[in-house]
Amino acid sequence: MALLEIKNLTLEFGSSRSSMRAVDDLSLEVQAGETVCMVGESGCGKSVTALSIAKLVPTPPARYVSGQILVENRDVLRMTQAELRTIRGGVVSYVFQEPGASLNPVFRIGFQIKESLELHRPAAATDAEVVRLLKLVGIPAAEYRIRDYPHQLSGGMQQRVMIAMALASEPKLLVADEPTTALDVTIQAQILDLLRDLKKRLGMSILLITHNLGIVADIADRVAVMYAGQIVELAPAHALLRRPLHPYTQALMRSIPKLGSDEARLTTIPGNVPQLGAFPSGCRFHPRCSKAQMDCSENSSALIEVETGRWVRCAYWREGQG
Amino acid sequence: GGVDSVAGVIGMRDPTLGGTLRLALPTDVRSLDPAIAYEPESWPFLRLLYHGLLDYDEDLNLVPWQARDWNISPDGRTYTFHLLPGVRFSNGREVRAQDYCFTLERILNPKTKSPGDGFFRGILGAKEFQDGKAPHVRGLRSPEPDTLVIELSTPDLSFQYMMAMPFAFVVPQEVVELYQDDFAQHPTGTGPYILRDWRRGARLRFGRNPFYSGREISYLEAIEVMIGGDETLHLMMFERGELDIACITPAGVPIPDFTRIMRNPVLRKGLEQMPHSATWYISLNTELPPLDNANVRRAMNYATDKQRLIRLLNNRGIPAHGVLPPPMPGFNTKLKGYDYDPTKARQLLAEAGYAQGFKTAIWHENDLASSRLAAAIKQDWSQVGVEVELRPAALAMYLEAVKRRTNAPCALGPWFQDYPDPSNFLNVLFHGGRIVDVNCNNRAFYNNAKVNKLLDEAASSGDIERRLELYRQAEVIIVEEAPWVFLFHPFLYKLSQPWLRGPKLHPIWPSRFERMWIEK
Amino acid sequence: MNVTLTRLSSRLLWSVLVLLGTSVITFFVAHAVPADPARTMAGAKADAETIRRIRHEMHFDEPRVQQYGRYLWGLAHGDLGKSYVTNQRVTDAILTRLPATLALSTMAVVFWMLLAVPVGVLTAKFRDSKFDRTVLVLGTIGLSLPAFWLGRMLQYALAYRAGYFPVAGFRGWRHLLLPALTLVILFAGYYARLIHSSMVEVLSSDYVRMARAKGLSEIAVLFRHGLRNALIPVITVLGMDVAGLLGGVIFTENVFALPGIGTLALQSVFNLDVPIIMGTVLFSAAMVVAANLGVDFLYHWVDPRVKRD
Amino acid sequence: MSGLLIVGSLVLLALIAPTLSRHHVLLDPVEQSARGLDQDGMPLAPSKQFLFGTDNLGRDVLSRVIHGARISLSVGIAAMATATIIGVTVGVLAGYYGRPLDTLLMRFTEITMTIPALLLAIAFAGLMDGKQVHPHPSWLPWHFLDVTLRPGLGSIFLIIGFVSWTGIVRVVRGQVLALRERDFIQASKALGSSDARVMLRHILPNVLPTIIVLAAMSTAGTILLEAGLSYLGIGVPPPAPSWGSLIADGQPYFIAAPHIVIVPGIAIILTVVGFNLLGQGLQDVLDPFQKPVKK
Amino acid sequence: MNLLEVRNLKVYFPVQHRLFRRATQFVRAVDDVSFIQNAGETLGLVGESGCGKTTLGRSVIRLVEPTAGSVLFEGEDISRLSGSALRARRRKFQMIFQDPYGSLDPRMTVEQIIGEAIDIHKLARNSAARGKRIEELLKDVGLDPTHAQRYPHEFSGGQRQRIGIARALAVEPRLIVCDEPVSALDVSVQAQIINLLKDLQRAHGLTYLFIAHDLAVVEHISERIVVMYLGKVVELATAKAICRSPRHPYTQALISAVPVVDPDAKRSRIFLPGEVPSPIDPPSGCPFHPRCPIAEARCKTEAPPLRELAPGHRVACHLAK
């Protein structure tokens, strides 16, 4: 049984008259102990999907149009505020992109971690436990650090504190929304190592959001590629990186410069990422797709399982395959 | 005498002792030092604390107060006072005649900065003393501990009135010298009350003086004065029973609420009225054309509808036909003055060559009554072609402007008497010899040799009747020459609670709190 | 610690300079008024001779600069001079007026913050709701009322007519209720608005989302995590307003006849009582300067980020 | 935009007031009608003849309030303009050049802030007393430049403007400080723009929305300040019917004839609310554009 | 011939403003940096956040006042110029900013933004010529010239970056400092901009000082790369040399930390303990020694000079071979 099961989630922003569909009929599962990555360009709906898991998207302006989000088989979207609070932190914990902005600047980090403990493990809400957590995420001299304010820590440390805070409630699922984008490469590598290590030790599931395919290669078990509010390709990480099937995934991988490669020119995807609410008809990628056919602008294709565990949203995925 | 004054009291039952009188003042009294305080508002409080040698009875006659008796030498230059025995200051010491010498000398001493030194400059040797050429004033002597002799440099019958002014209230030398500049905070006098508490700008409390030994009995246990707020506010507090007297200003009741009170039978019972010794006028600067032309000035008088002005003030006054107000000795009932006659005004203007009218400005204080009057006068004058620019100003600037030579063409304001003698109006306000470039009280800058001569003669005349006659003659000329627009003489009012009893209104001492009592 | 000390001393130095500048300008502006303080002392009727003597006694006939020098000399010795009108020491004059102003300001600030904080937070939470819009309109009306007009109306209706409150004066805390209410009406809406917009920003911040993601209750999210951050920008405005109030609540004090700094300042201006004018202006300037310092320290307390730099 | 509606109709009313009077729709605002007072010289309560009653001199309150709009609005707007010009200049210079000019200007602002409007008003009123000012070197015969200072509207809006600019400085300076660091300013400098160009072409247009909002808000403030000064008796000289002076004249009557105070009071509130709403509305309209789009 | 020569450039920012005393503490954002750049060459600049890349880039074109050292542009020391002389020189060196949203005045149309450059240096004889030039520039950067009257907010991030490039090109500069021009852009757009920059370089003979933190991008576009750490240059070599055989331990760690898309690539990450120290109070000796996996005693005391280990390969490390 999946720990998290998103079924046909559709979410819109704005009033019902001028609604903009940010997430469209999205389905995704995360099994216990699994690391799933979501990749895609800016604004394609990754964060909104992630936040929906604990119903954290403010409504309004957002509206859940349809679908279910089952966390341990209970539908988050139909929960009361009190029930939600047990899910938030209790089952699903978050680590956000900008650690500096996500820690409350006016409280000591020890207090902020303890706050989590008090909510979900009141018995363990002690300084010792806080120190243990900080040590767990590799903060040196944790005993002294608990009295620090967030601004007194560097970005990498702040991110570790965030992770410690997320772990405090011993969640089953850690949702990390671009946890390393704001950090330097060397620090980013440290954080990714930490996540992988924690997952192994604590056996939790991770839903990791990124637009860096390198990170995917590093950490993911499965990958969901999103484009314009939809999942266009869903596959085991290794397979996907080896042999992307959707034209968008393929183009994306080609447009990334690779260290040590000798290409003179990068392959580009023509055109721009479509704006929210201005999605093209039919297949949303067709205006930029090199393999687009006549009917791509009319028929929106469904996500089809082309191999076991490999789903692609493209009718012509077979074209050009070797 | 003091005992007589009780006869002037309204009230059926015997006065009761005790109780607190609750009053309100718009602004703090400037000082409780009799040498400094020179505002009508602070005088009633000075009376609580200090007494002097002379006082007025209900008919404005001078009577001995803390003097046993007094006389003026036939040449009118030497005043002799004999002190009542056993009068004590509130610090317990008995008063000696020497204290009066000190008191008067103190006023003349420039260091004191008394605004009243002018009243006593007539004492022999005052000038030398003021200029620092003599250590003492020659004209002040105390041959016996209970005898005070004052010698003047020229005969002056009006000097007796100075001795009844609060400036001449006696103060003890040792206390003044102890506190010096701060004497006002520690007032010590011979009055029936002492200062209990004075939170500047907030409140003032008086309690009984244990050493008081005067002839009149005072009944109130305490007097409490709230400081701040305007008259309307005080009236509201009065109506809610928070005050015993509505307003202790001469107006007594704020103009806007007067009619309402008159129409309210309950409130009306507490309202007392009497003519005030004051005149409202517009001075016309006789040195500035076209006001240097007497016809123009007369025209301004004719152009002003005094009845309407009085109506604007809810009929709280009578039209003025001359300078002197009715309660003043020497008031001339025969003066006709100028009635409202715009046709005549136009005609006079045409004669003077101003058929088209002219432009002028009226300075006035920016209080309600003045503003109202000025606005009405502006409209009146515009009927005869005189275009007026109104120049309202706060008191300090108003005075600066109107007392400066060739500056303000017209100035609207009242003159209240200091003492009941025509010289207090005529000499001060119309004597050409007193014209100075700044701070000139002769705001019309009126200079008529004949008038000057009459006024000089009157001032030094030792005969009361002759004095008054000379003043009458001078006033006739002044009215004829019209350096003022004579407006009206206001009434005095007092609105008090039904339980408050005490002496009637008095043109010089409107409020004599020390003689009031609360009827339970 | 040392850094704080140097910072403090440099701030103090600047404050002194500001006060000095204020004193120069006030002194010369006050003396630019065409009126003679000597006559103020002598009263309306005094003759020219008396006034001349007083001018001389008071050194008013000296050059302006010399008079200012004399004033500064006194100031340097802690002597603010004496009132021309009442001869009271300026320091005493201010100190006797301070309690009324202080009590009124404190009461008003406490009440309006008690009102504005929950309203501001809740309107931010329920943004664009009917409640929010009503508060916005009421708040706008509140800050659009002329203080003296509102004071008079309240006084008339609630004190004079209904008798719920004393009409005026200052004999106890009950006398402060109505003036405080006036100030609350004037300020509460504005502060609710201020807190609202600051709170709206805070509510969209990442750490509030984080607090929700932790599973905190909405009350804790709003008032523990949100409010403290939302108050940070409000502190500056509040500091300046409190300074302004302490410098004299001119209209409200005037309407309710409260013996405060405002009435003192007002009267001194009308009387051209230069020492008191200087005193009250310097006092309110000192309040502003002190408020700035206070705000700085409050910032440190509320916002730990400031401490480092 | 209810603010715009209120302000617009008030301005319109102010503009056509003289015409209305000429056509006897309104009465003369300064005429002291003999019928306007009762037997005891008291103002009349609202009636058919005088819709909002008469004031203490028997003048029609309605006409005075409507004509008062002319004065109060023009004082408000002129003072706002003065304040805005000073405030924006000081704010932009201080924010753009930074220390030490910033420190100097901000201290100066602080000093100005502490000097009471009241004192300035009284001093100005005195200074404006018919003095001649020659704003040119004495050896130049440019007498057409001479100004005679008169008390009146001009001095009132100068005073109010002069005490109101400090609030604008803070906001403008804050914005400029933030703008100065923005990359497009750096880009313009990199292109070789002079400081003047940067300030006029980039800084100013970008603070303009704020300035407009501030201007609307400070008009509200200046109208209140004028009313306050008039209430204290140092505002617009009589008989010009500014709202503040209407209240000032009427306020002693507020027990006996409350309409004299209430009507202009409501006019002030309406106007100030109007300008405040206008400001808030403008903020909503202009702001989204101003904020950098969220990354 | 070298176009740009930076000699011992230092940029210190005062930390504390004190009233009458000189500031006592400084952020040593750029600390004694020297390098030479040839005309037509792209020099990459990498390093961790806060190591002074932007400051260096900005001080080269005098947007930041250098504290010491000199910047020779075409042989002329521009760090000493001021006023109109500097302003006239500015058309020779331009900048492209990281944030395409913040670097365009939101209140100007595209035509005004690009036109400003032309107006300041009076590069167009009349308005027709000006219009034509703008049209040309827009075409050059791949934008639709009919969009000239639009405002920046009507464009996407990539398009905005193109406008910024067009503005820089308008004055026909020789050197363009590109401060992370693609970091804020989507992965797919990033490639478009990089290709565009390369095309323009070829067409106009431009010289780029290219700042980025993504090593892969820098390697792709640059001929040589400068690696900075705490305001100092730690390694300078050709792009190939830096990426294939880095010699400084920091560069080595940096290269090893770059995530690689290829799932089969074998990973041997060098773990760097600790965080980047504060530039206010940099460590003594070699600034990298507290995190360096191979540091020795002398690294703590002795600052390593920039040594030339191979032709054109300079490294500031005592131990590098």
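A, B, C, D and E label the chains in the order they appear, each numbered from 1.
FYI, a contact is a pair of C-beta atoms (placed from the backbone, for glycine too) under 8 Å apart; a residue touches a chain by one contact, two chains touch by 3 or more.
Treat the numbers as computed from the prediction; the structure is a model and nothing was measured.
Considering every other chain in turn, the ones in contact with both chain B and chain C prove to be D. Farthest chain from chain A (centres taken as the mean of C-alpha atoms): B.
In whole angstrom, the spacing between the mean C-alpha positions of chain A and chain C is 52. If you average the Cα atoms of chain B and of chain E, the two centres end up 87 Å apart. Chain centres here are Cα averages; for chain B and chain D they lie 43 Å apart.
In chain D, the residues that touch at least two other chains are 122, 126, 129, 251, 254-255. Residues of chain E in contact with two or more other chains: none. Multi-chain contact residues, meaning those touching two or more other chains, do not occur anywhere in chain A. Contacts from chain C toward chain A in the complex involve residues 205-207, 209-218, 225, 228-229, 302-305, 307-308. Every residue of chain A that touches chain C in the complex is listed here, in rising order: 51, 54, 56, 81, 84-90, 92-94, 96, 98, 101-107, 115-116, 119-120, 149, 151-152, 162, 165, 169.
Chain B contributes residues 24, 27-28, 30-31, 33, 36, 38-39, 110-111, 113-118, 121, 130, 181-182, 184-185, 199-203, 226-230, 233, 236-237, 239-240, 242, 394-397, 399-401, 403, 418, 428, 434, 436, 438-441 to its touches with chain C in the complex.
Remark: chain C residues 14, 17-18, 21-22, 25-26, 29-30, 32-35, 136, 140-141, 143-149, 152-153, 156, 160, 247, 250-251, 265-266, 269-270, 272, 277, 280-281, 284-285, 288-289 touch chain D in the complex. By the touch rule above, chain D contacts chain C in their complex via residues 103, 107-108, 110-116, 118-120, 122-123, 126-127, 129, 220, 224, 227-228, 231-232, 244, 247, 251, 254-255, 258, 261-262, 265, 268-269, 272-273, 276-277, 280.
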